[in-house]
Amino acid sequence: MSWNVYLAGEIHSDWRERIAQGTKQAGLEVIFTSPVTDHAASDDVGVAILGEENNGFWKDHKGAGVNAIRTQTLIRQADVVVVRFGDKYKQWNAAFDAGFAVALGKPIIALHPEEHNHALKGIDRAAMATAETPEQVVGVLRYVLDGKLPASA
Amino acid sequence: MSWNVYLAGEIHSDWRERIAQGTKQAGLEVIFTSPVTDHAASDDVGVAILGEENNGFWKDHKGAGVNAIRTQTLIRQADVVVVRFGDKYKQWNAAFDAGFAVALGKPIIALHPEEHNHALKGIDRAAMATAETPEQVVGVLRYVLDGKLPASA
Amino acid sequence: MSWNVYLAGEIHSDWRERIAQGTKQAGLEVIFTSPVTDHAASDDVGVAILGEENNGFWKDHKGAGVNAIRTQTLIRQADVVVVRFGDKYKQWNAAFDAGFAVALGKPIIALHPEEHNHALKGIDRAAMATAETPEQVVGVLRYVLDGKLPASA
Amino acid sequence: MSWNVYLAGEIHSDWRERIAQGTKQAGLEVIFTSPVTDHAASDDVGVAILGEENNGFWKDHKGAGVNAIRTQTLIRQADVVVVRFGDKYKQWNAAFDAGFAVALGKPIIALHPEEHNHALKGIDRAAMATAETPEQVVGVLRYVLDGKLPASA
Amino acid sequence: MSWNVYLAGEIHSDWRERIAQGTKQAGLEVIFTSPVTDHAASDDVGVAILGEENNGFWKDHKGAGVNAIRTQTLIRQADVVVVRFGDKYKQWNAAFDAGFAVALGKPIIALHPEEHNHALKGIDRAAMATAETPEQVVGVLRYVLDGKLPASA
Amino acid sequence: MSWNVYLAGEIHSDWRERIAQGTKQAGLEVIFTSPVTDHAASDDVGVAILGEENNGFWKDHKGAGVNAIRTQTLIRQADVVVVRFGDKYKQWNAAFDAGFAVALGKPIIALHPEEHNHALKGIDRAAMATAETPEQVVGVLRYVLDGKLPASA
Amino acid sequence: MSWNVYLAGEIHSDWRERIAQGTKQAGLEVIFTSPVTDHAASDDVGVAILGEENNGFWKDHKGAGVNAIRTQTLIRQADVVVVRFGDKYKQWNAAFDAGFAVALGKPIIALHPEEHNHALKGIDRAAMATAETPEQVVGVLRYVLDGKLPASA
Amino acid sequence: MSWNVYLAGEIHSDWRERIAQGTKQAGLEVIFTSPVTDHAASDDVGVAILGEENNGFWKDHKGAGVNAIRTQTLIRQADVVVVRFGDKYKQWNAAFDAGFAVALGKPIIALHPEEHNHALKGIDRAAMATAETPEQVVGVLRYVLDGKLPASA
């Protein structure tokens, strides 16, 4: 039973690695996918490949299109989507991905510090689970795939 | 020709094992999936992973969300859904899963004792087959996958 | 802004009337639909129209088919589905309707006494709101349609 | 030719009124819908109707569910969705609504000040038009419904 | 509560009129639609409008395309589809329409003499009701729309 | 029985007027919609409303987005789509609209001079009817809505 | 490039074998599926597995349900559906399967003798190709999968 | 992470080979599919397999049907669709394929010389990226699959 799990959202901390490591240690068959997490590459990709732009809006537009090919395709292929909100930035892409996934009928897991609870209440409501740590996400995936509770439980 | 068959419903008897054993003996290529059948784990999973709750309603709510990640994903991946109703409990989840599967266009097989016939008439009507024993479900799967009737037929 | 609201489930108490009366008093534009709530008619409809059956299973089967024409069509036409669970009977049709509606992307409101909380945790999780009284459902509809809180709030 | 246009997002400025007024002056047949824009009501609705909660997370959860009945239904009914991002707050609901609408195939119009261009590049890319003022949205709707350019053009 | 009911199939007897008359007498709000029932017009429509063909196959092909614009659109608009099989001809269009409607999630009612029971078992199984007379179809529609059994019941 | 018919494609001849006039004379209840047929307005709309662009590509991009809000919405609302190809220009939008409509399950009618038969074979194959004159389209609509052949037939 | 091709319809001649043999000789990667072609087994399956019935209608009903689990699942899994009409019987199931497949967006290939052309015009119109011999179907599959015309062409 | 990429459009230059070679050199796991690019075979396939036609329109019609089995199936299977417009011919099939893919929610990449920018503005707007050279498409695919910018960037 191998599942596709898309890891959406914040790209400035090691939460993806911690989830990947935890699921590996738990012996789960999960294929993780994600947006491109190299911030500079993600910002420059449009003009780097498709030609320079003088106007910042259109530079962003070109880049966002190329990134969307990746993210929308991977969300459509995913069985479950984890959406992470961190401490900084607006992170509107993360919220957009959450809405996109929910409308397609994908179960989502929200991952964010407690301080965002009120601002993220709509997304937490749409989510099947809200976690505060990557380890909790690993716990959810272990239960979902293998039916096991954490050892400490 | 390998099929995914989701075994929904009652978790207090050995019907899943009997179906699995019967299909194995018949040499059928079936991948069976199911909800987590460890009742205690299923009840506790929300708080065990995502943090304690004082209120029973929210404890259940957290657990139900985690379980739904598993069950809804597996129903979407399934080719056929078997829905079992046993002797005890309300088993509303089983009926919910049946409605969920039918709306997605999945064929369902109902499995329950004759005494529930009247109460389950709506689900039996929505089902493609109603069986009383796990062995009959094996019979249906053998015919559906391999085109063979029971030896005794 | 007129909404279609389907009132699924229990047919032995006056909850539908109380919701209809409450929304009327609140001046809301709601079109309510429901299954046929005449229990005897609902049970007999198959054989009364399409011919007698000796076998109870097929009598039920015929009747359930005719009822499903009504209920599935009305659920598909509905914007919101309220699902009521009462004190008696198995009420598997109510749970089936809930699953059917959720898979179609319809928001559902669960309505049941607190004593069913644990047994209905899966459906409460899939619901956007869980109410214990018809008056609370009226409150939800008033807010949803007109954006107003209860006077006492 | 009457269209349903859902006005998602920021609820602290008069942008909805300005769009409504502008389309009225232009003689367009548009039915506007929106989330409940009374911030306090929106925050309190869950507990005001469905019962108190000690825990802020569950208070928010209850309220978010009731609000989602309204917003998801209206987005599904809409022909076009305008998504407004203002100066303050995280506004993750707005971004969630944008993703939800796009996945359903609804054309969206983004409305936000230029300063958010970079942070909103993903949503601007998914949008069919990006406007900075409500009057520009009126201009888009006038063209879309009546085929007319602004008088000054 | 006005429903769209598409009357598919046989065009050589007065069954559509009998259903229309019966529902009118019962005071039901039903909008009936149907294929073009003028056999000669239906056969000739392609070449009559779009130009002559020497080859019978292409004459039929042209006509079938024009008829499909009507029939597929009306089936998509319908809430319920009645499929009638008569005594003569192959009536493959009726069976095609039944399959088309079922795949779209429309409830169908089969209407045919008992002698076709075995040959139509697959379609009767996919149908929510099987009737032998137009009056039984009226009975089903009366129950489905108004919740009433036949007076004689 | 009122139908929505979207008239896609060429905007430099009077074919839309001829179809509208013909259906009016025939007494048909059809609501026609179309893209904005004022070529200059269609080209300028993006910059006229949303701000100037130095770069022709982005000027076109802005305008195409605004036009797409109209065209994609109207195609989704349509029961039938007529796609007209004229003598001049590449008319790739017309072909795009045809593909878009077919993928959504809408029946399409192709309208073009015989000289384009070979180049349009793929679209003619996807169409339910191919006409050479607007009057033939009127003939198709009259048959489809009212079941009548042309008087001369 | 391996495709799933469902072979629907007539079960009394060797057309399936001829197609399978032809595609094998052509070296095509095709997985063929089909209904159960053992006529007696297909008729008896319901009662043989799920219990006897006195009434022929319900015997057929039970059997048709079990067969539908197989056929509807395989049609949903198929990339292409071939629908064969032979010389005998009503073959309404074949026409039903054609309509079912078309509504799901599956391309269908009709296979029947010329004598059925007029009666099957609606299905031929919905099909992407009409063949008279199994060898022509092999030709179509060879072109579709490998891009090659028949050697004799 | 292996993706299916459908290469639609122009069949008279070596752009498909250049994309295939470039992705191979980049070590990407991509499965490319395409229409049959042998122009003569594509034109003749209908009559070569299914029988001669005197009339050019019907010859084209037969051939277009067989080609559509291939192209529509491959577009449905694709994760991404590249649509190429060259210097010659009307290339309406390419535009049709673009519209078909967009309506199915597939991200598309437009590939064409700058001179077509104005005529293709609608398709460029619907595309996630517009490229002028096959090497740019390789760049997009490398970023999308492996997250890497071009070496020269």
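Read from first to last, the chains carry the letters A, B, C, D, E, F, G and H; within each, the first residue is number 1.
Going forward, a contact is a pair of C-beta atoms (placed from the backbone, for glycine too) under 8 Å apart; a residue touches a chain by one contact, two chains touch by 3 or more.
Bear in mind the structure is a predicted one, so any value in this text is a computation, not a measurement.
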**Report entry** For chain B placed onto chain F, the superposition rotation in degrees, Cα atoms, nearest 5
**Finding:** 180
Query raised in the report: For chain C, which other chain has the most distant CA centre?
Result: H
Query raised in the report: Which pair wins on C-beta contacts, A-F or G-H?
Result: G-H
Query raised in the report: Of the pairs E-H, A-F or A-B, which has an interface that repeats that of B-G (more than half of the contact pairs shared)?
Result: A-B
Query - chain C-chain F separation of Cα centroids, rounded to whole Å - result: 43
Requested in this report: Averaging only over C-alpha atoms, locate the centres of chain A and chain H and give their separation in whole Å.
Outcome: 30
Report summary line: Separation of the C-alpha centres, chain C versus chain G, in whole Å, is 41
Query - Contacts with two or more other chains, residues of chain G listed in rising order - result: 65, 68, 105, 125, 128
**Report entry** Complex contact set, residues of chain C against chain G
**Finding:** 54-55, 58
Query raised in the report: What does chain G use to touch chain B in their complex?
Result: 33, 36-38, 41, 44-46, 48-51, 62, 65-66, 68-70, 72-73, 76-77
Report summary line: Listed in rising order, chain F residues that touch chain E in their complex are 1, 3, 79-80, 105, 107, 109, 127-132, 136, 139-140, 143-145, 147-150, 153
Report summary line: The answer for chain D against chain A in the complex is residues 56-57, 60-61, 63-65, 67-68, 85, 89-104, 116-126, 130
